[in-house]
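Before anything else, here is the set of structures, which you'll find just below.
After this come two complexes, each holding subunit A, first together with subunit B and then together with subunit C.
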Partner chain A sequence: MQFHTFSSPHVHNGNSVPAVMRDVLLAVSPGAALMVYFFGWGVFFNLLISSVTAVAAEALVVKLRGREVGPVLADHSALVTAVLLALALPPLVPWWVPFLGALFAIVLAKHLYGGLGYNPFNPAMVGFVMLLIAFPKQMTLWTPPAGLDQQRLDFTETAACIFTHRLPEGLDYDAVTLATPLDKVKTDLGTGRTLREILTAPTFGTLAGVGWEWANLAYLLGGLWLIHRRRIAWQIPAGMLGSLFLVSLVFYGYDSDNYASPLFHLLSGAAMLGAFFIATDPVTAATTPRGRLWYGAGIGLIVYVIRTWGGYPDGVAFGVLLMNMAAPTLDHYTQPRVYGARR
Partner chain B sequence: MTTTVDYKRIAIDGFWDNNPALVQLLGMCPMLAVTSTAVNGLGLGLATTLTLVLSNGLVSLIRNIVRPEVRIPTFVLIIASVVTVIELLMNAYVHELYTILGIFVPLIVTNCSIIGRAEAFASKHALLPSLVDGLTMGLGFTAVLFTLGMLREFVGQGTVFSQFHLLFGEAVRGWSTTVLTHYEGFLVAVLPPGAFFGLGLLIALKNLVDARRARRAHRRAARAGAPAAA
Partner chain C sequence: MSYDFSRLHRFHGGLVLEEHKRESSETPIETLPLPDLLTLPLQQHIGEPATPMVRVGETVAKGQRLARPEGYVSVPIHAPTSGKIVAIGDFPVPHPSGLKAPCIVLEPDGEDRWCEPENPIEDYTALDPSALRNRIRDAGIVGLGGAGFPSFIKMNPATGRPIDLLVVNGAECEPWITCDDRLMRERAEAVVGGIHILLHALSAAQCAIAIEDNKPEAIAAMRRAVASVGDDRMQVVEIPTLYPSGGEKQLIYVLTGREVPSQGLPADIGIVCHNPGTIAAIHDAVVHHRPLISRIVTVTGDGVKRPANVEALIGTPMVDLIEHCGGYTPGADRLIMGGPMMGYALPEDDLPVIKTTNCLLVATRRTLPLPPPPRPCIRCGECERVCPARLLPQQLYWYAHARDFDRIQDYHLFDCIECGCCAHVCPSHIPLVQYYRYAKTEIWEIERERRKAEQARQRHEARLARLEREKREREERLKKKRKAVRTDGDRRKAEIAAALERARRKKAGGEAQGAATTPKAQGDD
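Entry: the complex of A and B
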């Protein structure tokens, strides 16, 4: 009689790449649905174009690299990249903006570095930053959220705008777009107005910007569900939202006329989407528990700095990319103590 | 040295096998900074080529006089004098291009590929091989600068050969063609990140060609060797 002894690990937590990616897609969908509701069909078209491009590009590159296409596509990672990129894009961008962004993200940022697991930078954010730098004009084409729009474009009108650059008779881009709350706060503060005056504008709702507050809360819920399912580490969102909260609280307490409230910062722009879905990318984030806290805290700080003093209205993409660069160093200095070893 | 000099080898090294821009990765700063258009790349490339030829020649002439302990400062002085001459020449004859290239013309002094060739080649070889080495290395560098400039100009603003009259006079003003009409531009290509992406892709392309050639040579050798083995 022979007894086999197996080496550790003895218990598997059930995480696999396809399962994690499926859950991420599921968790992001309420927020995505709210974005479509508030900002119109443009969001839907962005999701569609970006996803089709990303999956096609992934299949093409994997084929060129002489690997099997099926298993690579089955892990859904290209789809997650595409969805995150699309949710960051303004709804009325021409069709080639999500197309180029997804192509750039998958081919240059992901596969030229070796594919899933080897890319040092978050592909979706590389694609987004490339678009932001290359097409600054198109990247401001945000529609007004539902409730604030006098001229809402229906499905066919949105399609015409995105694919042929044509708007309905008598309308121009100024009539169908509106500055985002973060953008408005930034430009209005620049003209010397105080926050109390600015926040009376119709763009702002009860918590933060109209529409944005609900989308961010939906992302928060989805993210909490992912943490509950242990698909993402809690340290990264906690670090990011915590540092964003603390820094904005300090400045808000110091001068509430010129610095927006912590609540506004947490529920504006890509704060929640970034904290739970973008920064938690397992490939490009830090991997040690303490390292993840620092990694998230760094992103939160950079987001606040860029939003308050920088040239762009939001800074999640830049924060994530900059901290991607720091992740290996953070991992090096935050190695956990091996059980039984001395400090 | 009594061995015969293999000029073909020197030329192949300069253009391809040991290309300063694609293989040695020297002189990155001007290469990334000025290649936003083809004419800028070509102008700086030609200026660098002239510097390389003259400095290689001078270094080769004095190679047996200067003591090894002080050779590097001497090379730097020679290169700096040559660059000063070229800077004045460019200011006189291609003034507009000179103002566009700005600080990068005097900065040719600090281009490592020049002192690299002085130290690695000219200080060890006779005058003629040194001149040939300077010329081919310079032209190899220019070719990459020009290609990268073409790529970035085309992708970035949809034109080819724009502003070529800055270098070749009014006769070629008509060369400037807008290939992509109604093109809104792809700003990243013109900005510094585009230079890094463009150069990375060019290096990848060169490595791809090399790998293909090596594979083909291998197969040919195998085919030639097979009957003999059988």
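Entry: the complex of A and C
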């Protein structure tokens, strides 16, 4: 009788890349839903445009590269990139912003390097930083969170704003947008006001910014679930949030009038989304256990530096990209001691 | 050094696997009837193949030596039953390559007639360790756990360090396999007897019999056997079920918390590890003068109708074992020798059982589905988390893929034990172990080439030096000759001149004063 022959091992635990990506999408969805709730339909349109663009671009590039399209699309990695990019974008950006961002992320940052597994930089963050540098004005179009918005745009008004740049009669962009809490802290500190005064503004809630605090907590929960499911490495979020916490604690303790509290930093901007969903992209992160701790810690530090002294309100994208560059070096110097090697 | 095993240690990584032990572990070992033909490969062990000592047509008795060891790392092969040698030549053997290899083919005569034991031992405790070692080598005993390393070598630790601890590796951590479990349940006395012999031969003070806690019956049986001999050097240690706890290095760590040095042997830290089947075989060889001519094989999987453990003569066709166990079930499409984690898939079943055949796992696609096509590595690090050698499998894969054989050694490729944990959890379904084997083979090949080139270079340089020396010697000889000729010539000239002078003087003197001497030719000096 004849038999099939394969290399050992002959059994597998059933884990798969598509399953990992599906879990990531599932885990990010409560936070994404809260973002839609707090910041309006614009977030939904960003998600939609970015996803369609990313999947279409991936299909096209894979076809051009002469590979089979089906199996590549089936890994859902383009969708993850698209969702992470979209969640970082302001809600009222024109349609071509998520379009260009997703196109740039998938074509240039991912496939020009060889596709999934071969890209040295986080594609979503490459797309985001390109947009941030090329279209700085559009990248500030954040809406006020639910509860603070006198003029909330409905579905069709948002669509009109995004696709045709038209706002409803009698409204201008100033009326429908609001600086993010991180942005407000940065500009107001620049005018010489103290944090105590700044934080009395209505945009700040019980823990951090209104809306932002809940979205961040939802990302935290989703991230913890991913760690529990062993879909992401715990070291990266632990390193990033740990260093962000420690550095902000030191400065907050030193001068709480000019430096925001650790809690504010941890629950503002892209802190949780970055720590659990963006920095944990395994392809571009460090891969040794200790390397991942350092990698995360580096991002946390850069985020704090940019938020506090840099030119942008948030620094997760730059932190991730800078640490992407450092990942191979970190891996080299943090190799675990192999069984039987000299201690 | 002495150990107490009250606190066990946990090695890095490892896997909890579906055990599938019950399928075959609940019925006693069955003995297979004599097969029609026995095929005995000359290499069933790590090392050099044995050399045949019999001719085609010769009648042999059971236990008679058919092939003698070649070199140090080698063992003899014995006739599993009496009969006639019908062929010596290349036949298919169970090897991943699927290639043929030299074998002796024996046709049983049905009498099962034993030969006279060569030199019976009355009391092995009176023998010195080296005589015992020879005895065990002469019995053809190799590691029966699957690796097939000649056992006598482990009894002769080259490091010169004394052995403190004998570890009996009864972990049997691979799923499906139960041959050691059954052996320890049914023949615990033989195992304990073998331990006695080994402790004597190794002059070791302590023995740990390590068994995974999923084998309570085997643990109880071994405890009873140890208690009945009342030897307090032996201790049964129940260890947690975690693959690959039966890996020699992992087991030693579990028991002692010590690590075997990289590229080293357990003997380097005073430990020797043997499989219980091997130890029982040593007992049979020393006490009953029975060479290694049979072994217990687990025949299991959902591809076979009645899974069981059978005692089969070495050389029995695998298909006989499967037929004994009720034959194949519909849909059987994979035959694996060994376990599902480290065993290798065989292309056909008309292959002989050899000394290392611990298990025949026959599976349908239900239990062992076809592997899906691999996806790119996303460096998720799951492999690193489960690696019991604490390697970075993702980096090893990267460098194997890139054929960067220098870097891959910086990442300790040769500390990989090929347990398969990494590939088991890989979400991209990359056959990682295959890449590591490939890289190891390539590196060995490069090393061989390098050594060959080095030899060729040395040969070439030696030749040049010889030519140079010969040339110099020739020149020297020539110079000497020339000089000789020259001095010779001068002497002749002088003699001629002297003769002429004498002649002149004679002429001038008018009278001959004496007899003139003619110059004599001078030979070479």
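Everything below uses one rule, namely that the second predicted complex is superposed on the first by the 328 of 343 C-alpha atoms of A that agree within 3 Å, B and C clash if a C-alpha of one lies under 4 Å from a C-alpha of the other, contacts with A are read in each partner's own complex, and residues count from 1 in each chain.
Heads up, the rule we're going with is that a residue touches a chain if its C-beta (ideal position, glycine included) is under 8 Å from a C-beta of that chain, and two chains touch if they have at least 3 such contacts.
A quick note: this is a predicted structure, and the numbers were derived from the prediction, not measured.
Novice: In the overlaid three-chain picture, which partner chain does A:Leu108 touch, first (subunit B) or second (subunit C), both, or neither?
Specialist: Only subunit B; A:Leu108 stays clear of subunit C.
Novice: Classify the contacts of A:Phe135 with the two partner chains as first (subunit B alone), second (subunit C alone), both, or neither.
Specialist: first
Novice: What is the contact status of A:His12 with respect to subunit B (first) and subunit C (second): first, second, both, or neither?
Specialist: second
Novice: Of subunit B and subunit C, which one contacts the greater number of residues in subunit A?
Specialist: Partner with more touched residues of subunit A: C.
Novice: Quick one: is A:Arg230 in contact with subunit B, with subunit C, with both, or with neither? Answer first, second, both or neither.
Specialist: second
Novice: Can A:Gln335 be said to touch subunit B (first), subunit C (second), both, or neither?
Specialist: Second partner only, subunit C.
Novice: Considering only touches as defined above, state whether A:Arg196 meets subunit B (first), subunit C (second), both or neither.
Specialist: A:Arg196 sits against neither subunit B nor subunit C.
Novice: Do any residues of subunit A touch both subunit B and subunit C, and if so, which are they?
Specialist: none
Novice: Which residues of subunit C touch subunit A once you look at their complex with the stated criterion?
Specialist: 11-12, 15, 17-18, 96, 98, 175, 249, 253, 259-264, 319, 328, 332-336, 338, 340-349, 361, 363, 368-373, 375-382, 384-385, 388-392, 394-395, 411-412, 415, 418, 420-421, 423-429, 431, 433-434, 437
Novice: What residues on subunit B touch subunit A, complex-wise?
Specialist: 184, 186-189, 191, 193, 197, 204
Novice: Subunit B touches which residues of subunit A in the complex?
Specialist: So the residues of subunit A touching subunit B come out as 108, 112, 130, 133-137.
Novice: Can you tell me which positions in subunit A touch subunit C when the two form their complex?
Specialist: It comes out as residues 1-13, 15-17, 19-20, 71, 75, 77, 115-118, 230, 233, 282-283, 285, 287-289, 292, 331, 335-342.
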